[in-house]
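Next come two complexes built around chain A: one with chain B, the other with chain C.
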Partner chain A sequence: MKTNSNRSFYLIPYVVWMLLFVVAPIVLVGYFSLFDLHGNFSFVNYQNFFTSVYLKLTLSSFWYALIITGFTLLIAYPTAYWLTKTKHKQLWLLLIIIPSWINLLLKTYAFIGIFGVFGPINKFLELFGIGKQQILYTDFSFIFVSVYIFIPFMILPIFNSLDKMNPTLIDAARDLGSSTWNTFTKVIFPLTINGVKSGIQAVFIPSLSLFMITRLIAGNKVITLGTAIEQQFLVTQNWGMGSTIAVFLILFMVIIMILTGQKDKGELVNGHNK
Partner chain B sequence: MKDIIQAVVAILVVSLVLFIINFQLDKTSGRSGNDSISVYNWGEYIDPESIKQFEKETGITVIYETFDSNEAMMTKIENGGTSYDVAMPSEYAIEKMKKNDLLIPIDHSKIPNLTNIDPYFLDLPFDPGNKYSIPYFWGTVGIAFNPSLLDGQTFESWEDLWDPSLKQEVILVDGAREVMGMGLNTLGYSLNTKDEGQLQEATDKLKTLSPNIKAIIGDEIVETMRRGESAVALVWSGQAADIMYVNEDIDYAVPKEGSNLWFDNMIIPKTAANVEGAHQFINFMLDPKIAAQNADYVGYSTPNEQAIKLMDPKVTGDERFYPTEEMRERLEVYKNLGVETLGKYNELFLEFKMDAQ
Partner chain C sequence: MDTTSKFSKLYLTLVFVILYAPIFYLIFYSFNSGGTMSSFESFTFEHYAAVFEDTRLIMILINTIIIALLSALISTAIGVIGAIGIVYLQKRKSRNALLSLNNVLIVSPDVIIGASFLILFTMVGVKLGFASVLISHIAFSVPIVVIMVLPKLQEMSSTLVDAALDLGASKRDVLTRVIIPYIKPGIFAGFFLALTYSLDDFAVTFFVTGNGFTTLSVEIYSMARAGITLTINALSGLIFIFTLLLVLGYYFVTNRAKNPLRNGVPK
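Now for the complex of A and B:
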């Protein structure tokens, strides 16, 4: 009995935290989304969301998030794999993690200089006779900077699952005559799929609501759901519409969480049934 | 466990020492912290030197914060949080704040320097009798351009921005009213229109500008234009003055179809904690010497008659920045459109931004 009440006592901070900072905001967002500009109860915001502007916005948000996640994965997986093979794993890992401690805005500002018309990249291009290119304020620069910022978040989970994988399984696959490609697709990748899924969650969901980078690097020519929410709250002062977009953003997050959810049942970890 | 406790103690000791040093420094520099006002202003919109002078003269510490749109400023004041004592919104925002009962009336007996202001800028329709607001700066919206990057184009008309030779060269300021206003002005409509047909027409017109648009950004425009990274930008007059201060190649023009004439005034929000200090600050900013020095630094046009006398006549005689009354006739002042129409403007602006590729 005593241990039981003790346990629920320790739960209090957690429950209070969840109620105040997770449940309450979501309820408030849902509540605000049900009021129009004049504070009357209505579903007009939801109707509005399904007009062409917001649907197009959602689609383009998804499209950019998809591209960003794709490139991040493409770079992060081989990097993580290579990391597990190096001698000083922890040191290399630290070098990759350190940039993520620096404020996101600072890194973004740095890229304004790097990509500028008179920046180092253009100097380099001129050296090779290619001539000055407009790099800043293009889709390319937006995707490049976003990928750069998200890479550590993709590498970490993949590295962890690759590191936990039992290397003898690869030897076993080889011994049984599997080719390198087959070993990868049939053994290594399936065993690290959980790391990939957490990586995708950590990149795709924030990509949907990126907003400072859209202005500083993409010159507002890329609009994400995050930008639209910020605009509705700060500029239009239409809290209802802002909340409605937020409700959909939360919905998309839940869907993605379910799609990339971890199915632990019956899975093999290091060859043992968990 | 012992290690953790030691680490925590070490951090606490270091913080305490830093706190004491900070406190001592504040004391020696005369910042007692008892008497302070918080000023909420646009970015790059005051001479830091004048704040220092104010602190020295009155002993009031100034806590200075900036915003980048009237709407963001209003949202923050409406929701409380920080109790700002003085803010500098534009005329249509003042109209709205007045309506929402967010302002404290200004006691004119405490602002003797008000007599320095040109009567043209007093008693304007958005605040009759200047009951709630005192003029700070005024200016226009127009086009800043770099002739050395262009082949002889001028910008007498908004239509000139549509010139095919300006592909990927035009930067716009990230403001719904400025950009939509430009579209409306190009077609000869009022930039305060509530007519949905006209607004749609303006949006369609703006969409044809897409190939020429390089970016839609905020204060970064100034740096970009200074470095000569872009040839043309839609800006506020003071931003143009800021750019020209560093890069003399740049020119500024207000197109003939008309544009926006705006006034930024100082107000005291309802949330003010130090109303007395706020009055002192407003009066101080109207001092001819301070106003002249401030206008020199900021680059916008001052409404202060006495200050103009102290300034370089080359600056105050420049009709690009101090348009004559006759020229001002062509320009329009923003009206408070109400949430519904403002929402429409923003939605169409969003549509336009999504179309810009």
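Now for the complex of A and C:
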């Protein structure tokens, strides 16, 4: 008991840090959202948010995030699954992770060249007689590059949950006459749903807030919530409106965290009860 | 059975090719004398020479590395102390509250972190530049360090600490000779992750960097917005090698640290 005061001493720098850089910034964003462009207290930003312009923006941002997350999951799940079947799986996993450590800007920049009018993809298309296409600055290029960026972040949690799964369960399902597809949908996928959820969390929230890729690859044609915030803060200097969008983005974030997090707590509890 | 394994190999190869192709594409054209990323004329090192002759770019590179090292060091210190504090917390509720605060910063999109820090710094009066960038990098790295160190602390048996105390170790000894050595792998992992997060960060830095100060990511962004310059390609070649060395170094260090017993025996 006597060590208690000493032990809480450890907490002081950390708690101060968290108050300063987690609580204070969020409070400030909420506070600033209540002021209009001229510094007067008002709810005008919230009224503006519920106009068609911002609602459309929010919807399209969600739509893009949904497509990006969907494709990422579609590509990442089989990759993670077959990675666990390889001989040196940890080495292969490391090789999958390395590209995610290369600076994001450089990878995005590479696609400016690859998708360019004279780039390799267009050369390839010409070879087949399809001719030059405008690939850069389209929805396709935006989604492709985003999926490319996010794939390792989806593979990692799914790989981990697949790796933890008891392989005898699959054998048991097979022995009991389950088909490969049934084994997957009834045994493997439900058991790895937590990995899928954390993968979705790791991809969906960032894709709502992308702003660098929208500028470089989508050429300002795609506006996500992140792009809108950046625009309000750094271009039009309307911090009030920017903060309001940020408040909603934080709200969406919390909702997504609850949706993708709550259940796995329950499952854990069940597991312990057994 | 055989066809699925063939298909799986093909699929994995395809994913690997797609993941690596853009990086090697960048590096390939860094040796192009032509000045574009579409037609390779002849082999040259001139773009690499241009990187090293550009004193401004070198300064930015040094700034980026200083910020990364400093922020990783400081956030590791704060994070390790914080993690020890969290583990010692008796009340489960306050522990969970702190952990969820910790998670908020990890899950928060960069844009939110950047924008809210920009407000914070202007309100408090921190001048935008080196200080603001350093502080924000420390801020988003601390929770990562905590997450990396916490499992190691939790798996440590409390009898170890009791034994040390019974044998007459001071509290300081317990920390520096029992706890810290035990959680070393976690500390290393946290430090390296903080380092890579800092080196990689674009969005947060973009918000809180003023006019005078730039890091590599922000500089690449403004260069890329202006169009294709093969200097960026040469930079990416250098960064790729640097990243590989960092990853290899990390694995070397953690694999050595993984088994403290084995390291202890030869002594």
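Throughout what follows, the second predicted complex is superposed on the first by the 258 of 274 C-alpha atoms of A that agree within 3 Å, B and C clash if a C-alpha of one lies under 4 Å from a C-alpha of the other, contacts with A are read in each partner's own complex, and residues count from 1 in each chain.
Criterion: contacts are C-beta pairs under 8 Å (C-beta built on N, C-alpha and C of every residue); 3 or more make two chains touch, one makes a residue touch a chain.
Since we're looking at a predicted model, the values are computed, not measured.
J.: Under the stated touch criterion, name the partner, chain B or chain C, that contacts more residues in chain A.
T.: Per-residue touch count on chain A favours C.
J.: On the A-aligned overlay, A:L216 touches which partner chain: chain B = first, chain C = second, or both, or neither?
T.: Both chain B and chain C are touched by A:L216.
J.: Examine A:F32 and indicate which partner it touches, taking first as chain B and second as chain C; both and neither are also allowed.
T.: second
J.: Quick one: classify A:I205 as touching chain B (first), chain C (second), both or neither.
T.: A:I205 sits against chain C, while chain B stays out of touch.
J.: With both complexes superposed on chain A, which partner does A:L176 reach: first (chain B), second (chain C), both or neither?
T.: neither
J.: Tell me which partner A:T236 touches in the superposition: chain B (first), chain C (second), both or neither.
T.: first
J.: Under the stated touch criterion, which partner chain does A:Y137 make contact with: chain B (first), chain C (second), both, or neither?
T.: After superposing on A, A:Y137 lies in contact with chain B but is clear of chain C.
J.: If we overlay the two complexes on their shared chain A, which of chain B and chain C does A:V15 touch? Say first, second, both or neither.
T.: Second partner only, chain C.
J.: For A:P99 in the superposed arrangement: first (chain B), second (chain C), both or neither?
T.: second
J.: Which partner chains sit in contact with A:S60 here, chain B, chain C, both or neither? Use first/second/both/neither.
T.: After superposing on A, A:S60 lies in contact with chain B but is clear of chain C.
J.: If I apply the document's touch criterion, which positions on chain A are contacted by chain B in one structure and by chain C in the other?
T.: Touching chain B and chain C on chain A: residues 112, 116, 118, 215-216, 233-234.
J.: Sort out for me which residues of chain C touch chain A in the complex.
T.: Within the complex, chain C contacts chain A at residues 5, 8-9, 11-12, 15-16, 18-23, 25-26, 29, 36-39, 78-79, 81-86, 88-90, 98, 101-105, 107-113, 115-120, 123, 136, 139, 142, 146, 171, 196, 199-200, 202-203, 206-207, 216-217, 220-221, 224-225, 228, 232, 235-236, 239-240, 243-244, 246-247, 251.
J.: Could you pull out which chain B residues touch chain A in their complex?
T.: 69, 71-72, 74-75, 168, 171, 174, 176, 213-218, 220, 227-229, 339-340, 342-343, 346-347, 350-351, 353-354, 356-357
J.: Report the residues of chain A in contact with chain B in the complex, numbered from low to high.
T.: Residues 37, 53, 56-57, 60, 112, 116-118, 134, 136-137, 215-216, 218-221, 223, 228, 231-238, 241 of chain A touch chain B in their complex.
J.: Once bound in the complex, which stretches of chain A touch chain C?
T.: 3-4, 6-8, 10-15, 17-18, 20-26, 28-29, 32, 75, 78-79, 82-83, 85-86, 92, 94-96, 98-99, 101-114, 116, 118-120, 123, 148, 151-152, 201, 205-206, 208-209, 211-212, 215-216, 225-226, 229-230, 233-234, 239, 242-243, 246, 249-250, 253, 257
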